[in-house]
Each structure stands twice: as structure tokens, then as C-alpha cells.
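Residue numbering begins at 1 within each chain, and the chains themselves are lettered A, B and C in the order written.
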Amino acid sequence: MLVLVISLLAFNVIAIQRFPKPEFESGYQVPATQVAKVQSVVLEYLDLALFLACMSVITWLIIKKRSRRAVFWMSVFSLLYFGFYRNGCICLVGSLQNVSMALFNPEYKIPVTAITFFVIPLGFTLFYGRTFCAGVCPLGAIQDLFALRPVSLKPWIRYLLGLIPFIYLGLAVLFAATGTDFIICRYDPFVGFFRHNATYLMFIIGGALLLTGIFIARPYCRFLCPYGVLLNLASRVSRRHLSIAPGTCINCRLCENACPYDAIDKPTGLGVKNDNRELVKKLIVYCLVTPALVVLCGWTVSKYHEDFAHVNFKVRLAQELMTLDRKSETVAIPAEVTTFQASGQQVENLYKETAAIVKRFYTGSWIMGGFIGLVFGLTLARLTLFRYQNEYLANKGNCLSCARCLPYCPVKGE
Amino acid sequence: MDKDKKIKRRDFINTGIRLGIGAGLGAIAIGLTSRSVSGKTIWQIDPSKCVQCDICSKACVLQTSAVKCVHVYDMCGYCDLCSGYLRSNAKDLNTAAENRLCPTGAIVRKYVEEPFFEYTIVEELCNGCAKCVKGCGSFGNGSLQLQIQQKLCVNCNQCAIARSCPAEAISRVDHQSPYLLKGFEG
Amino acid sequence: MRQKIIIGFSLALLLAAVFLIARDLFRKSPSLTEASCCGDDYTALKKVDSSLLGYTRVRVIETDLRNLSGIALNEALQVFACGNKQVVVYDTSGRKTGGFDIDSMASCIAVNGNDICIGMGPRIAHHNISGKLLAIWNPSEAAGYITSIAIHDHYVYAADAVNKIVLKYDTNGKFIQDIGRKDSLTGSPGFVIPSLYFDIAFGAFNDLWVVNPGRLRVENYTTSGYLQSDWGKASSENNGFTGCCNPAHIAILPNGSFVTYEKGIDKIKVFDPTGQFQCMVAGAGSFNGNADFRLGNNNLVKDIATDTDGNIYVLDAYNQINVYKKKEL
């Protein structure tokens, strides 16, 4: 529950001059209408400061202090504060929708907190890896608690499922940018538990994910979270990152099964070194395949742009108005149709607006499809490239910096 | 030597991409901040668009909806036959319970003087069903209006009622003018 | 083996969750059907029993104007319509025959012989028949709103809804007296005006009829301001008025019958000179067009007027003038 400073202010009323007011002879005074005051913005900024502090602390705990215990308690704190106390809203994952909406809709005024929530974790990740996921994200924390019997997944399953977050990201950005809906918020699996209320669907998804999370650890984080995609990409180029060994890895293999998320890259053995001609051939193939994939996926997804557009309220309304005559008398007329008819707006204007929206969806779905095609292509490319590695390293993209592996490493720090 | 060169090159590329992403983020942040920023936005109903469909009381994520009926006393006619209080098809025009509109009994009527009656809303009982709003607006002055009560609303990033509203009557407003009441200048 | 089952089961759960999300997002079924609101169903009240209809519509004058607020007719059967900064004149076949400009939004209009009087919010203007402005004045009370105006015997009667009084002036704007002020000595009950609807009309026998909307009745005053009689009661049946403040508009036929419009249920009824319900004229479904009817934004009927032949003219929210003629029995 939000902490509220409630002050019921009786606003002084200046009535519209021409309104006929009853003349009271008994001295009765018309009472002032009472409305509750909005929670102060200062509290939001305090939250922001706290968030910044938490991010700094967790990063220090992972990179410098290297303590699994501390990271664990940090995540519990985040779960309790950012999750149950603050109800998990506005959350980081959702903030990317605010940013998308703001980028493509100049009339939308984005709150400063949303921008900062979006930028800060990415900033930290660019330099220190995915420390946010470990200890500050309440969604991650609740899943972490449920990771009781983690099993290891085969790489091909991971790569396949790993495409889902990209699709989710694409859809989220598409719907947010066209001002249609915030689907991440709509299908947030865990906010129902924080807030003690949600739609049936959200509870079902939440329950299913927590259940899955007992065996497949952090399923939302790894295979659904759209913000995780961005963090993944940023983390790959991070300057410093959680390293299992504080110095040089001695290949003692104690950490091998420590990671519930299959994020530890094992040494590869001497394997075949890429010879240059093979490399160039592969490069050429990928230079041809990837663009082809981009175009193919873009074209395929754009075929469905009308189905995407249907999620938009105005488009649905226009669709219902167009099919109104064909409906039989027994089918109840939807409320939004009767409302529109009662509002006296011109149908032609609605159709014009709708056509513009559908066009935006068309462009957007081409871009989204192309993006997914690009991801396909690059993933394929990366899979077939052989990179020699002779120590145990945390996969820079996938590692969530939970620090479970750290206690296993016997290497003393420098 | 080869490996060193490779690592240095990789580092260079990494740094380059990192700086690129960093610059991009910075651009987004500064661009958005300078262009359009509000301290905070909250959700509010526009009473002139509201069609009293009663979805507000069901769609809110809270157990009891944050939408409440607000009485703008300045617009009220203080009528004996209040069409927001009484059913209009009642056979006997008295204030018996079966003739009252409000399903939770949240409107309280008090005699002031002839022929004026004061109507107040008990907020804890109101569930935001808009029956009284419809009555008052159809026959009377429309002094009963639905509003999202800001001390109850949790200010979701995407309001669930706004998503379901058939009239698109709910939108984000700046937190400094949080109420959109007709006939009321706070 | 067990490992494989566990993995399979968990993956199935995960994919089920994803599938549910996708299915819900791309649902094609209509999102909302008519929510069953309001145990109070106004559609029952709004229904017009067609066997009670006593008038048929013979013509619709499409004005192509916007924001028309009042109509009035003179003995020469010219229809005067006032709106935003203009007054337009039509003949009864619907052809525009003239008009003139005024300087602000008009709220009501009255015509008698060579005189046209227009209420414009807190002001009253007196023009001659060709549109020349002869006099303009503010009512003596502070900041009123003139909702209805009538001319009789070279006197102007203006109904001020904010100050809840009927004011009598001569055609130059000289204040004569006020009518209907609450006075325990004369027994005048005073007007209860909950909303900006306060209508007056002159009957066939020099009688001034004023609607008292808060009391749901129509009162008869002499031209010097004495209450003589009244009729009307609160009822959801046809023989009374519904809601808190009705009838919103009134007009009087040459035989003394009253034509009333009730807002909320949107019914136009005819009452005989003694106040008994006679027949219906029109209801909510009678008019077609495009206007904003969301709460409080518009009423279906803006004004009613009658001519010396006993026809009824109805100005609707779509800026059309509907002409009704009594049905042959």
C-alpha cells in the first residue's frame, strides 16, 4: 500500500455565475465539495533516491564484496519494499513502455521517474553487468525464492525459448508506441501477489510461472522479460562483470553445477580453430542469410498487422461500427458503439483516425518482424562461431549476477 | 600475441558499443526530459464523456473500486424529487427504501427548509456504480459526478478501468489539477 | 527419466502461460456488451405508446445552422429561429426568407406583430421585424439568465432563471414590475428553479402561464402579477411530469391547450386547457441526426412553438424544425 499523506482539503468553490442556486432563508450554507489531495511528488523522488542507493549497494556487493548472502538479503529487501510495499508499480519493465510511448507520441508527458527507472539500470548494466536482476527487481526476487530444485536445460531449448522475450519486447514496444495498451502491465504475473488483487488470468499466469520456477529457475526473467532483453544486450558489452574467480580460474570445476540458470560457460577444450577461409565463407553466408531473414520475418509479421491493430480501442470500435448492419437483432450492441453513437461524433472522422492507426501498425509490424529476423540471423551466426575459452566464465549476457557461484570458488582474490 | 590482439580488438569493439548505447540512452533521457515532462500524472474521469456504464466498479484492480461519486453542491438544485436519489418510475413518490436508486444506500438525504433537501454521499459505502449519476444527469443538473478518488487510487501505469471504458473517458492528467469536476473550480 | 518428466512438465506450464497471454491479447470477440446498468431503466419511461399520438409530422425544415436555441412564430406564419449570433427567418414550407445578425449567443426569442425580442444570457434586445436594433438592456437584477421571453400588448415579459423571477418591461427597456416573487401576503409561492429551464408563454385569453419546474406545475398569472390558478403534478405517468424539474419547455395552442416538453424522458405532450392529458406528439425516437447526448451536454428538444392554425413546431438538437399537424380523427 502506498504511504499517503491524506489531507482532505475543502477547496473554496467559485461556482459558475449563471447557475441558479437555491435561496436559503434559514441561513443554510452550501457546503464545499470535498476531494482528497493527491500524494505528493516528493515521495516519488524519495523512492527514486532509494532505488539509486539500492542499485549502488547491490553492484558493490556483487563486484567488490562478492557475497552471496548479502545479495540474497538484498533481494529479500527489494521484494518486500519494491514488491509488497510499493505494489511493484511503476516497475522497470513497464517503464520501457512509457519511453516507447513518449518517443512516438509527442502529446504524452512522461513522468521523470519513468525515464530514470528506464535509464538507471541500463546505465549500471553497461558498466557492471546485470546487477539489477540479482537484487533489486521484485519480480526476480520472488522467482528466486521459488528456485528450489533447478534443473539444467539443454542449450537448444534455451536458445529457442530465448527468442520469446524478443517477440514480447517487439510487441510491447509496438503497442506502447501506437498508444494502444501497456501489455507488460496487463500480463504482469506477479503484481497480483504484491497488490492482493488482479484479474484471474494474471493470477493463473503468476501461479503457473511460480510453479514452473521451482524447476526451471526464473522463467519470467529468462524467457519472458522484455526489459531483460535490453539488459542482456547491454551486459554483453559491460566493462566489468561478475566474475566467478576473482583472479585467474584454475579449472577446479567446483562451480560447474552452481548456477541454476545455466549461465556459466564451460571451457571449450582445444577444438578446431577457425581457419580464415571457413570464417569468410561463413561470413558471406550470414551476410546473405540475415538480411533475407529480416525481410522474410518483416513480411510475415506485417501480414498480421490488422490483428495487432485490433487490440487498439479505436480500431475495434470502427470494426464494430462497420459490421453493425450485418449483425442480427438478437446480438447485443456493445457499449462502446452505443456510446459513440450518443456522442454525436462523425463516423468518417473515426474511420480516418483508424486508418492512420492501422498504417502505423503496418509500419511497426514490418519493423518488429525485421527486428525478430535480425535476432534469428544473429543468433544463428553466433551459434556456429567457435570461440575458444579455457576458463569458467559467467556468460555476460545471461548471467543474472545472483552470486550463487561465488562461494564455490576457492581462488583467493587479489 | 594473436590472442592479445584479438582481446584488445574485442575490448575496443565492446567499448565502442557501450559508449554508443550509453550515448543513446543519454539522448533518450535528455530528449524526453526536455520535451515533455510532468512531475507526475494521475488518472481521472472526464464527467462530460462518462456514460455511467458501471464498468468502473468492476474493472478497478482494487477490491473496492477507487471510483467514487462526488457531489458538487454548487450545482445541486436541492430538489425534493431528486432524480439521483429516487427512482423515477416509483409508483408512490416517497423516500421508502424500494424507491431509492443507490444500491448501497450511500446517498443520505437531509431536510433543509421548504422545499429544499440536502444530499450527501457517504464515501465508504459508494461503489462507483453510477446509477445516481445517470439519474441526476438525465433529469437534473448533473451535480453528482464520478471521479477517481486519488487517495484510494494506486496510480497504475496503465489504468485497468481506462482500458475497459467504452467512452474513453479516463485519461492521464497532471497531478496538480487532479479532479475534472464540472461546475467546480477548485 | 524423472528429470525429463520434470523438465517436460515445467516447460509445458511455461508454454501454457505464454499461450494464454497470446490468446487473451489477440481475442477477437467484442470487448464489452451493453453493461446492465441502472436498475432504473429509462427506456421504459421513454417509450411512446403510438396509440396515444395525436399529431403527425408533416415537414422537417433543415436549417443547416448550428447551435439554434429558440424558435417563435408570428401571425404571418413566419418562423424565427435564433442561435449563435444570428436570427434566421423561414416560411412554413422551409424556405429561408431573411435574417439578421446579433452580437452574441441567443437563448430565447419572441415575436409579436412588428416586434422581435431576443434574450441573450443576461441581456434583452428589442429589434423590429426587419432586424434593426431598437433597444438593448440588462435586467434590473444582478447577473441573471433569460431563458424565456414573451411579448404581449407592447410589454416584454422575461423569465430570469438565475434570479427566479419573471420581469416585465416596456419595449424600450423600462422596468415595470416583477411577477411571481415569493410573497406570503399575496400567497405567491415563488418559483423553484433547480436548473436553467424556466419557460413562459401567453395563452389565447391574455393569460400569462409560467412553468414552476421545481414544483412540476404550470402557474397562471395576470399581467399585473397575481397568481390565479395552476395545474400539473409529479408523476411518472403521462398525466404528470417526471424528474425534478419539468416541463422544460411549454407552448400554448390557439384553443388554450398546452404543449409541453419534458427533458430526461424526451416526451412532447399536449394537455387540455384544464390540465388534463390529451395526447402525445413525439418522443425520443422521433428525431434523427448527430449530436452529443452524453450526460448534460444536450437535450433532444430545444424549443417548441405554435402557430395560429394549431400546428406545433419543434426545434430539435439537430437544428431541425419539425412541423406537426393534428391528426384527422
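Just so it is clear, a contact is a pair of C-beta atoms (placed from the backbone, for glycine too) under 8 Å apart; a residue touches a chain by one contact, two chains touch by 3 or more.
Note that this is a predicted model, so its numbers are computed, not measured.
K.L.:
Using only alpha carbons, which chain's centroid is the nearest to the whole structure's centroid?
P.N.:
Of the chains present, the most centrally placed is B.
K.L.:
Which pair, A-C or A-B, has more C-beta contacts?
P.N.:
Here the pair linked by more C-beta pairs in contact is A-B.
K.L.:
Can you work out the whole-Å distance between the CA centroids of chain B and chain C?
P.N.:
So the centroids are 32 Å from each other.
K.L.:
Distance-wise, how many Å sit between the C-alpha centres of chain A and chain C, to the nearest whole number?
P.N.:
Chain centroid spacing, chain A to chain C, equals 54 Å.
K.L.:
Between chain A and chain B, what is the separation of their C-alpha centroids in Å?
P.N.:
Centre separation, chain A to chain B: 26 Å.
K.L.:
Tell me, which residues of chain B touch at least two other chains?
P.N.:
49, 51, 53, 55, 77-78, 141, 166-167 - these are the residues of chain B that touch more than one other chain.
K.L.:
Hey, what residues on chain C touch two or more of the other chains?
P.N.:
31-32, 35, 192-195, 294
K.L.:
Listing for chain A: what residues touch at least two other chains?
P.N.:
Touching at least two other chains: 19-20, 22, 186, 334-336, 338-339, 342-343.
K.L.:
Where on chain A does chain B make contact in their complex?
P.N.:
Residues 2, 4, 6, 11-16, 19-22, 24-26, 28, 30-33, 35-39, 41, 44, 87, 89-91, 94, 97-99, 102-103, 106-113, 115-116, 118-119, 122-123, 126-127, 181-182, 185-186, 195-199, 233-234, 236-239, 313, 334-336, 338-339, 342-343.
K.L.:
Taking the touch rule as given, give the residues of chain C at its contact with chain B in the complex, in rising order.
P.N.:
Residue positions touching the partner: 31-32, 35-42, 44-45, 192-195, 214-216, 234-236, 242-246, 263-265, 294-297.
K.L.:
Applying the document's contact rule, which stretches of chain A touch chain C when the two form their complex?
P.N.:
Those in contact with chain C are residues 17-20, 22-23, 149, 151, 153, 157, 161, 164, 171, 183, 186-187, 189, 201, 204-205, 208-209, 211-212, 214-216, 219, 223-224, 307-308, 310-311, 316, 320, 332-336, 338-339, 342-346.
K.L.:
What residues of chain C sit close enough to touch chain A in their complex?
P.N.:
The touching residues are 3, 6-7, 9-11, 13-14, 16-18, 20-21, 24-26, 28, 30-35, 121-122, 143, 145, 161-162, 164, 192-196, 290-294, 298.
K.L.:
Provide the residue numbers of chain B that touch chain C in the complex, in ascending order.
P.N.:
Touching chain C from chain B are residues 47-55, 76-83, 87-91, 93, 101, 103, 115, 129-131, 133-135, 137-142, 164, 166-167, 182.
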